[in-house]
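Two complexes, one shared chain (chain A), two partners (chain B, chain C).
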Partner chain A sequence: MKWGYEKGIIYILPVLLIIAFIVLFPLVYNIYLSFHQSSIYSPDLNFVGLNNYIKLFNDQSFIAGFKNTIVWTIGSVFFQILLGLIAALLLWRINYGKRVIQTIIMLPWIVPGIAAAASWRWLYHPDFGLINYIFSLFGFKSILWLGDPDLALAAVIVVNVWKMYPFVALMILARLQAIPKSVYEAAHIDGGNFWQIFFHITLPMIRSILSVLTLLLSIWAFNSFTFIYAMTGGGPARSSEIIGLKIYRDALKNMMFGQAASEALVLFAMMLIFSIVYLYYTYNWREESR
Partner chain B sequence: MKKIIGFASFILILFFIFFSILPILWMISSSLKPAGEIYSMPPQFGLTALTFEHYKYVLFDTHMLRYFWNSIIVAGLTTLFSLGIAVLGGYGFARFKFKGKSIFSVAILFSQMLPLAVLLVPLYMLLSRMNLLDTYPGLILTYLMFTIPLTTWLIRGFLASIPRELEEVAMVDGCTRFQALLRVVIPVSTPAIFATGIYSFIVAWQEFLFALSFTNSKSVRTVPIGIANFIGQYGVNWGAIMAASVMVSLPVVFLFIIFFKQFISTFTEGMMKG
Partner chain C sequence: MKKIRFSIVLGSALLLISLFTFSAMAETLEWWMGTWQEKAATQLVQEFEEQNPGIKIKTSFIPWDGMHGKYLIALKTGNAPDILSIAVGWGYEWSKAGFLLPLDQFINNSSTDFGDWMAGAWNTGVIEDAVYGIPYRSDCIALFYNKDLFVKAGLDPEQPPQDWNQYLDYAIQLTKKVDGIYGSGLITAGEPLNLATRVLPFVYQNNGSILNNSKTEAVINQKPAVDAIKWVTELYTKYQVEPKSNIQNDAESIMELFKEGKIAMVMGGQYNIPQVLNQTEINLGTALLPKNPTTGKRTVLMGGWNLTITKDAESPESAFKFIEFLSRADNMARLTIALPARAAAYKSQYINKKYETDPLYLVNKEQLNYGILINIPYKQQAKTIIAEEIQNILIGRKGVQKAMDDAAIRIEEIINR
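For the complex of A and B:
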């Protein structure tokens, strides 16, 4: 039986068409748009060269949004990985009721983002929220979690961590369970203690999945929209506005398509550079450590 | 030492369980309390007076029922289309060699990494040109972009593990390759196809940014946008919002719990391969 070369393309053609039509073409079109200008008063596109880009770097709200995006991404990813790793290590050791506990811990990942945003907004409610009630037991006055410019972004990061740490735990747990038991038995016989075993056996085993997860989570955090939109709307006073939200606002509320396109492209370039540098370093590092 | 670690693990496990489940339990209990108890300080922890008034309100006095219908149509059709396309694509990638194959597979994975914001403006203008804004097909087409790359990838991984002899026997018996795919390959891969289908459904069911941007009428708008508008309304009705949140969560949580094992194994194995 001959496994033909030519016919295979027919099977993947639909996939390629979809990708071309709703990913590649828009990407190119976005680049084109970023050199043009439109506004709510004049919806036609006029060529303006690099003008949109020049404007960006003088735009305070873009720079603030950019900073918020960085804080949001680093804060989210760090705690998602940390909590996910601890949860995975714990789940791995459980012998009793593992499946039930695992299902419970996984639930936030499955609950739709908007339901999570709504229920956390209710938890954060300044007057009737459960969180402020618990804080009041310790003598705190009512805290405006989502209404305080210093707290709002952090408060939403908590929700993002809550939503995604189960996914991290799931992936790490899957990797841990693939490690042969004999490796650990040998380590115990050799008299390794808890931390030695963790740093010399467990961590190297999960290093590759950790680096993949870090990249994935960073991209997802860069891309987030729902939580910020539904919980703070970027406020108060734009203190929690991330770039994704600004792009949405500029494009669909202010009809500044060209401006929004150039913002999106800068975001994309940042992500691309980050991904390439990240992959380059993790790859090199792993090569060296062999 | 061992005892200390054991005790610390126990406490930590409890912490994770509470951290994960408490917001969900609070959402459910708030949706079942009469308005007077929702707004009481200190909060009512026991459910003394169970009521379904918020559910009744959401279902019959708002447009939410229509939004549920829209969500079911959009997520259901997205799932069907992405499975059809991904099974073909996954099969093509698993079984054939062709020029540029590796470039295509990199492109597919790469498309998963694109910032959605880059696609927002051009897709909006594209759909508006094609008069597909605020329509089911417009939204479904957009969602295929989310689901196709990963479903194709997962199914490819699974199909590659099925022995070729299976189809070869069918083809010796007179099937065409496509018939062999339909009658032999698909039946043995049902569990994996099913799991990726659930993934597509969950993705489409909870998508927010594009549903918000590309729909504006009651006849197409999906549940997540309905809930967001609820929150934004003047005079927020938290009981109703919590009830709507419980309702939007139920189908996906239900699917997840029932197919937990299948879903987890397909997903983790597929991700590890990739």
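For the complex of A and C:
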């Protein structure tokens, strides 16, 4: 018997077991909880079958939270990638003051999330905020950025984009710097214009990092919590509540662990399906383009 | 040489054993309390440990934001400390859930004069004839107003509004939208419980309630409650005497607007008075909450903090000994930043003498006479639901009756689960 592959497995087994415990135990316990009901007044968990899930899909606040989560995720990821890409291209192209501009662009990413949220709340303030002040110079009336149910979620998406686009820019810039210059020189000799070069050389070259970023940012946006909790608390009247915040409220404020577990599992399933489909298509796309 | 080495080893072993034995003998109690009295609490713990060498106190200071959830998780999972400082509003649910120990037996055997506690404060720790908490701090909100803005509006700064009608009338007169000044600041956003805490006094003043007396049915959608909520929300929606931004201002932001002279009347606790006086030039006035013109009630929700022993306490006797220590008049005066719960603490050298002499401070003390505690199951959830539905009224999504009907349905779903 040859000891190669098997030996390797034995070496990494302890780590595998630890990871399995850390990842699988909470997941399995969460599934178990989602079929039970808990109460502050009783230490017992009562088995309720699929009741938590049935309730979930009849719960208007869950459906609204689900829609908000989709808007939040798509809005955040799309603009994070777009802004990050523009920033990366700018940084890649400029020759003077690159370090200074790079540092300035990276600042939002360095600021702690909760501090950023507190600052933005005042920036958005209708009476004292800088944003409304600037708008007022152009004759606009005071806008309730965080108090208007139609604007609150969008206003927080802006903050989420502002916070994360530097990370996207950094990742894309690293990939851009790895592209051989000779490719661009050849394109220029062949008479390619800016857009042709961008769509036929740059974009295909950074496609892999864009795929990874889209997946990562989507997962982070799905699970995010800080900005909405700190800036709107999900309000007004739950108009900016996403599922992550609802899970927190139901579990830690209302002690409805069963209900919260079922919400978490639905969120997990959504993310899992999205990841599989996304990876499947990006893999196939990459294979086809080879 | 061998003998010397043996002696060193033996000596070290004995030293280690004695150290272990000593540390095992010293009992360690855990105490969780708020961050706002960290300095005083730390000093008191040090003094207690000096006086009781067998007991060590491990203190954790918990910030207000998220405190309720953290406490609840710890209690529910059996990881709570021995002693918890809890807001008075949390005692009912937690005692009914069996998280807290009844203290009657300890009180009966104690040499502390528990008869010295003010009745209103003492009652916050009594749940259905058993004592679950020893109060050390009492507070409630009262009306804060800006006397300068009163003068500017042609109002007598020494005559604050006495009832709801006068409050509305004054708020209309005080509102000068061109200057960005508003008469009233009752509505808050942020933590939903803050909004409920500000609106519910008016519901109870109007003989309304969240649940019926038997706590089986929601009555927040009945006329007394609906009328009160209509009155409060119309300050924002109809009369527009509240800043539009109050839909997104939390309690601190509203106090900031008050300090900036942008809001003329707000609700504040005694602990806000030094902030306002030290940070602004405002000519501050304090008054009792305006009363209901029909019932004449000035009801306010009772606030404050109680010391409790949890079911997870390993040595309730030692925990109570520590509570007795903190309840000494001088120590209580040092521990609270609001009104102390026992009479003797007002005579302490550590007490802020203004509590007894300054009219600004005396108002909050007088308002305590009108304090009530809402003792109902699932209170936090019920208050959150009411706050959310009030927000629906404020943004024009629902009428008052519809919003409160929906609140009643949601509250009943929870209590009948």
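Operating definition for what follows: the second predicted complex is superposed on the first by the 265 of 290 C-alpha atoms of A that agree within 3 Å, B and C clash if a C-alpha of one lies under 4 Å from a C-alpha of the other, contacts with A are read in each partner's own complex, and residues count from 1 in each chain.
Here, a contact is a pair of C-beta atoms (placed from the backbone, for glycine too) under 8 Å apart; a residue touches a chain by one contact, two chains touch by 3 or more.
Remember, it's a predicted structure, so these values are computed and weren't measured experimentally.
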Next on the checklist: Under the stated touch criterion, which partner chain does A:N46 make contact with: chain B (first), chain C (second), both, or neither?
Outcome noted: neither
Item to check | chain B or chain C, by number of chain A residues touched | outcome: B
Checklist entry - Counting only touches as set out at the top, which of chain B and chain C does A:Q196 meet: first, second, both, neither? => result neither
Next on the checklist: According to the stated criteria, A:L252 is in contact with first (chain B), second (chain C), both, or neither; which is it?
Outcome noted: both
Checklist entry - Which partner does A:D127 contact after superposing on A: first (chain B), second (chain C), both, neither? => result both
Next on the checklist: Just to be sure I read the superposition right, which of the two partners does A:L146 touch: chain B = first, chain C = second, or both, or neither?
Outcome noted: second
Checklist entry - Given the touch rule stated above, what does A:P236 touch, chain B (first), chain C (second), both, or neither? => result second
Next on the checklist: Just checking: does A:I94 make contact with chain B only, chain C only, both, or neither of them? Give me first, second, both or neither.
Outcome noted: first
Next on the checklist: Using the superposition on chain A as set up above, list the residues of chain A that contact both chain B and chain C.
Outcome noted: 125, 127, 252
Checklist outcome for this item: Interface with chain A, chain C side, in the complex: residues 68-69, 72-73, 76, 93, 96-97, 180, 189-192, 243-245, 247-248, 253, 257, 262, 377-378, 380-381, 384, 388-389, 391-392, 394-395, 397, 414, 417
Item to check | Of chain B, residues touching chain A in the complex | outcome: 1, 5, 9, 12-13, 16-17, 19-21, 23-24, 26-27, 30, 38-43, 84-86, 88-89, 91-93, 95-99, 104, 107-108, 111, 113-126, 141-142, 144-145, 148-149, 152, 164, 168, 171-172, 177, 202, 205-206, 208-209, 212-213, 223-224, 227-228, 230-231, 238, 241-242, 244-246, 248-249, 252-253, 256-257, 260, 264, 267-269, 271-272
Next on the checklist: Taking the touch rule as given, give the residues of chain A at its contact with chain B in the complex, in rising order.
Outcome noted: 1, 3-12, 14-16, 18-19, 21-27, 29-30, 33, 83, 86-87, 90, 93-94, 99, 101, 103-108, 110-123, 125, 127-128, 130, 133, 162, 166, 170-171, 174-175, 178, 193-194, 209, 212, 219, 222-223, 225-226, 229-230, 243-244, 247-248, 251-252, 257, 260-261, 263-265, 267-268, 271, 275
Checklist outcome for this item: Within their complex, chain A touches chain C through residues 37, 39-43, 124-127, 142, 144-149, 232-233, 235-239, 252-255
